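Presented sequentially are two complexes of subunit A, the first with subunit B as partner and the second with subunit C.
== the complex of A and B ==
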């Protein structure tokens, strides 16, 4: 199931898991907007996450992680574009999202 | 000619194509807003209008339909008559309760004899009165009935429903009972009587609600709020926005960071927040900055940022804070070390009095605009709290904070490393001279020329200060010093050994030779930041003649780049107009590389042209922005990818990054 063979190229997709166990399969390139996740998945470091292509976040709830994943796709889609349209962020999870953004290092 | 002729025809076809779409869209919109419970029997009449009376016009403008009123009146009359007829024991099988005459949809004519004979129901209807007497009223009633049937049928056709469903008919009966715009109705929620308008909201149980209750409903349901689209200003507005961002230095490619987006949302809804909770300090700072930008820091929002265990409080805009609010900062944050308040208008004597009475030992204080704070209290602050003070920044004080305050710094602030003053109008040369005694100073920034009543600071004052503390200075910023001359440069050369940032602006007497002497053989390591803007010859009568080579000239520029080029990050020679093209070409020649230079400001250096700008891009691999405002010889530069060139006078405004790699 997981690619333990380090010589094989890593999968294009990785799995992010929320605290409740919701799984989100995301484009690997898109997750690189978070330096934290990028480091977790770096094949040079032999982290378990890098080997399995699967990151578990016990601190982040499903609702928040869903938004984070949405942002990742948004970031990936517009990474080279000017004049990026706004992404909707619901007010009620804003603070949690802010914490998650800080945790994932997404402040650049 | 041919092309011109075909164009309009194309246009017209597109128009024709568009019209039906528009029509359906409008119909749809009407159906949506009409929300089932309002009958629209006369919609067609609204579109095609014959001659109308003024009253009808007036009523129509108030959404009252004469047709509708007449129609309802007739219906009431008919109902009354039918009730009477039923009492008379007459059996009338077709008294209008049967669903609208089936299969009669296409028959738009009045029911004359040909039509009635085709229809069984109508025949019975006709037969029944034949038993009795045929009165004129009866005929009229039949006519009305046919009209109603017709309207019902056409309505059904429009809504695309089958006419034979009982529930549809019931719906129709129910909708008939809803009031029209302009009529009165009881609110479904509060039971108050109100006038129905086309905008009256439907209540949760299908009735209508009055305006105040409707607003309440909207509040509960934020999704129903239609967000107004931001005015973008079209293509030119977008371009203008982008250019404005470039000039602000906030332009970026790609999506904003998630933290930025969250902070924006949070700031918009700050009134919902009671407590920011466990947010990291960087995010809190971002929120504070964003709030200040919108002038939203007031008594209420200030509390969100006062955390009891914090060491730093940065209020980026304190204009709305009262003295009491500022006192509350000291009450709520007892371990305060670093305090910054911009626009701290209400930082008055009583606030300082409170601060002095507390056990708070500030390490840095940044106050701008506190012009109600008296010199006496400033002096008391320096004397009583100066022992721990490491940084003091004072901006825009009016007539307080004067020479006596500066004189106290040397004796009472043994740790003071950073002192900045700008627009501090009461300070004169005598006060600045006292800074020579503040031996711990590492960063010194002075701009005091805003009081025209006082004489300019004599250059000897700066020389005296530099002789006293020049050796330890890392930052020296002398902004707007028109009288500072070569002796100041000489003192810098003589004393400074640790300088990283140097700013001397607006000097009208420093000469090229002076700059050459400063930078040649200077034992100071290369500078990181150099700003010599507007050091140039100023003479309105003979602007072109510069016999004494006043200002930064070619040799001075060569010397400074030779000394600091390898480590320089920011270079600003704004309006140093005596630097020649040759000097620029030499400094930025193909074999020279300035690896760390990221921003170059050469605006109003008139000799700068396309080649020089190209050379800058070549010699400075790390450069991000080059400012060339007022460089009229810069016309068409090839800008490398990702680099920004600001201030090119062309039709597109400020050019930014080019596509060339």
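== the complex of A and C ==
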């Protein structure tokens, strides 16, 4: 199976790309916050994203993706801690952020 | 954190749709589905590397948002079904060769094809199934990932099984449950591929059981497949195909296999082999479940092996003539027994079959000891019997009756102890110190020991023998071991009161005759008995020790007292006295036997009487109101004798006067003092001596025997039979007595603790029964006093429980005691005839 062709372990970082082409390099573990991205990068299935380590989201704007990435880091940093500080969400991108969250399966 | 309750919905209006950057995606269903369909083909062809997950996901996402989830669901399902029809099933059908089917389903293993052929065909088929499954599984995983939004929203909302479950279930419906009826007329029309899979799997497993090497990972893969698939798409946890279909078949096949194997084993093998084989099988099945099948099968399969290989023929194996349990025990086959225990313990927590047989064997071995004892000839001195002199003459002297009995007792105890050691060893090494077995063995020991009528006496004799000489030269630890052994036996005895009586008797002799080897060991023994039996049991023995100590002080005190009086001529006789409390000492020692009472006191010579009175006076100084009875039977005396020069002898020992110190029993002293007052050469008949001394005839006979028969202490000569003392014999002072040593000990005939003769034993038992009668009386009265009224059965059972620690009262005896108490008006029968009332 092609999954085991790449002998080197996958990089610790992956690149997330917004509709405008903004690139965010994020810790791979942090992106697993989104089930959608996690499956996208599943090394056993070898989708194009998994091979390249690069996920393009043509329908998520840079502003929103930035906030998503911020949340991913936030989720990763505090994943096993209690008493976590609140994260600031700007009101103006709320709706778009919700849509992105649904798309990425981050509502569970 | 963002993990809140409930789901956040995107707005129904879809501002994003149609705004796709690359233009591939718009809001129409068809383009999206076309994209997905092409992707599904690529996925099946393992060509997904060029596909963008994001794109596919977005396509399905949009379809779902457009409320077309149901259509997508059906489309995908249809696609997969047709894919199966066109691409997968044909590949499987190729594998289902006629040959395979006839081998696996029709003829079963007895076909004329070789095992290798069979195995290869089967493995090839399974490989095909596995490959198809793995492909399908991977494809369905990927599909499910792409369509995850569908499963997340549509499937769960509509109540349909997830798409994943449905598509993975297709494998079960389209392949496993495909019917073969059309392909092979010999087969039942309902036979499915699943049946073939199961048959091949079981055949492979059986081949492995037979020692063949099979592709374990292959079987494991299929087992895992069956464990992943469910009966229905609802995927209920207990509906795994492995559990519902395969495992029952597996268990049935295993049962059939092991049934046959067990029969072969019974016919052709022995128990030892069987044990090892069964253990091996258990390990094998365990390992098989861990590595080749699913671990959850471990228990059912182990159960089959247990039932078929262990339980079904356990009896046959245990009773095998040449290798069964009996032989294992007799030859201490530790390893066999350990496995046996392990196996039996698996099928039965209480190990009943093993327990029963071990008990029987213990009983048999125990009774064998008794049989051997009866057959053994103790008339020759035996090693360890302690009675035969090793340095004696070349031909061993026959032992006398008493010593033979003692030797028998020691042998009995040794045998019982070694049997006990044997079973303790087995218990420790093989039976995991199992409590059930432990108590069963203990019970059997108690049973056979108590079936032996003389057990109490023999145990006491064993202790006596050890305390007298057995522990000489032994270290403290060794002594401990001996004492422990004695206590072990003691615990088994049911009639502890009988033992108490014997022990009292033997201890009495040891103390009075100074035969005890070590005061410390004696005390240790008592304290151990106290621990094991309780305070009351040993109170008499402790009393005896106390008496001994008091007597020692008393003797010293008297000596001081006499010196103070200055009665010089009486100082010639040195008195060492034992003042014994009547109840603590055995009646034999105390001279309380019936004969003495009839005949009254022995006549002591005047100087002894004087001494007696003088001591009594001293004794009463501090203890007024007491009565001392003088018991001559147990005492000894040292006498200085002067044998005159024999006229006419000029050389040799007889030519001079000889002084000897003679140690004789008290009676011996009385008899010898009698001759003091007679002129040299005159004789007395036994009757005359008896008359003058009033010593009971039996004691007198023994006394005379010790000083007139034994060659080393023949101070008196007699006429008549030189081997035996007879009523009509006449005794004369042996003036020409010669001895090499100055100190001479006249053998005391009854000194050796010996086993009683039968009539003596009956006597003891009679006495014991009398004592028991009183104890039972007391128990009855105690109970009735408390209860006032009680039915007959209750009373009897309560008496028996109360006395169980001391002895086992037999019911008729209890009954007669109740009758007796009725006549003595302690109790009264109530109107109904079965209840008693206590009369104060």
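Rule of thumb we're sticking to: the second predicted complex is superposed on the first by the 103 of 108 C-alpha atoms of A that agree within 3 Å, B and C clash if a C-alpha of one lies under 4 Å from a C-alpha of the other, contacts with A are read in each partner's own complex, and residues count from 1 in each chain.
Heads up, the rule we're going with is that contacts are C-beta pairs under 8 Å (C-beta built on N, C-alpha and C of every residue); 3 or more make two chains touch, one makes a residue touch a chain.
Since the model is a prediction, treat every value here as computed from it, not as a measurement.
Using the contact criterion defined above for the overlaid structures, shared-chain residue A:95 touches subunit B and also reaches subunit C.
Using the contact criterion defined above for the overlaid structures, shared-chain residue A:25 touches neither subunit B nor subunit C, since it reaches no partner. Once the two complexes are overlaid on the shared chain, A:82 sits against subunit B while remaining clear of subunit C.
Once the two complexes are overlaid on the shared chain, A:68 sits against subunit B while remaining clear of subunit C. Of the two partners subunit B and subunit C, it is C that touches the larger number of subunit A residues.
71, 75, 78, 84, 95, 98-99, 101-102, 106-108 are the residues of subunit A that lie in the contact sets of both subunit B and subunit C, per the superposition on chain A. Across the interface of their complex, subunit A is touched by residues 238, 242, 253-263, 265-266, 269, 272-273, 276-280, 282-283 of subunit B. Chain contact summary for the complex, subunit A toward subunit B: residues 33, 68, 71, 74-75, 78-84, 86-87, 89, 91, 94-95, 97-99, 101-102, 104, 106-108. For subunit A in complex with subunit C, the touching residues are 1-2, 19, 35-36, 39-40, 42, 44-51, 55-59, 71, 75, 78, 84, 95, 98-99, 101-103, 105-108. Here subunit C touches subunit A in the complex through residues 1-3, 7-11, 16, 19-22, 46, 48-54, 57-58, 61, 138, 141-142, 145, 148-149, 152, going by the rule given at the top.
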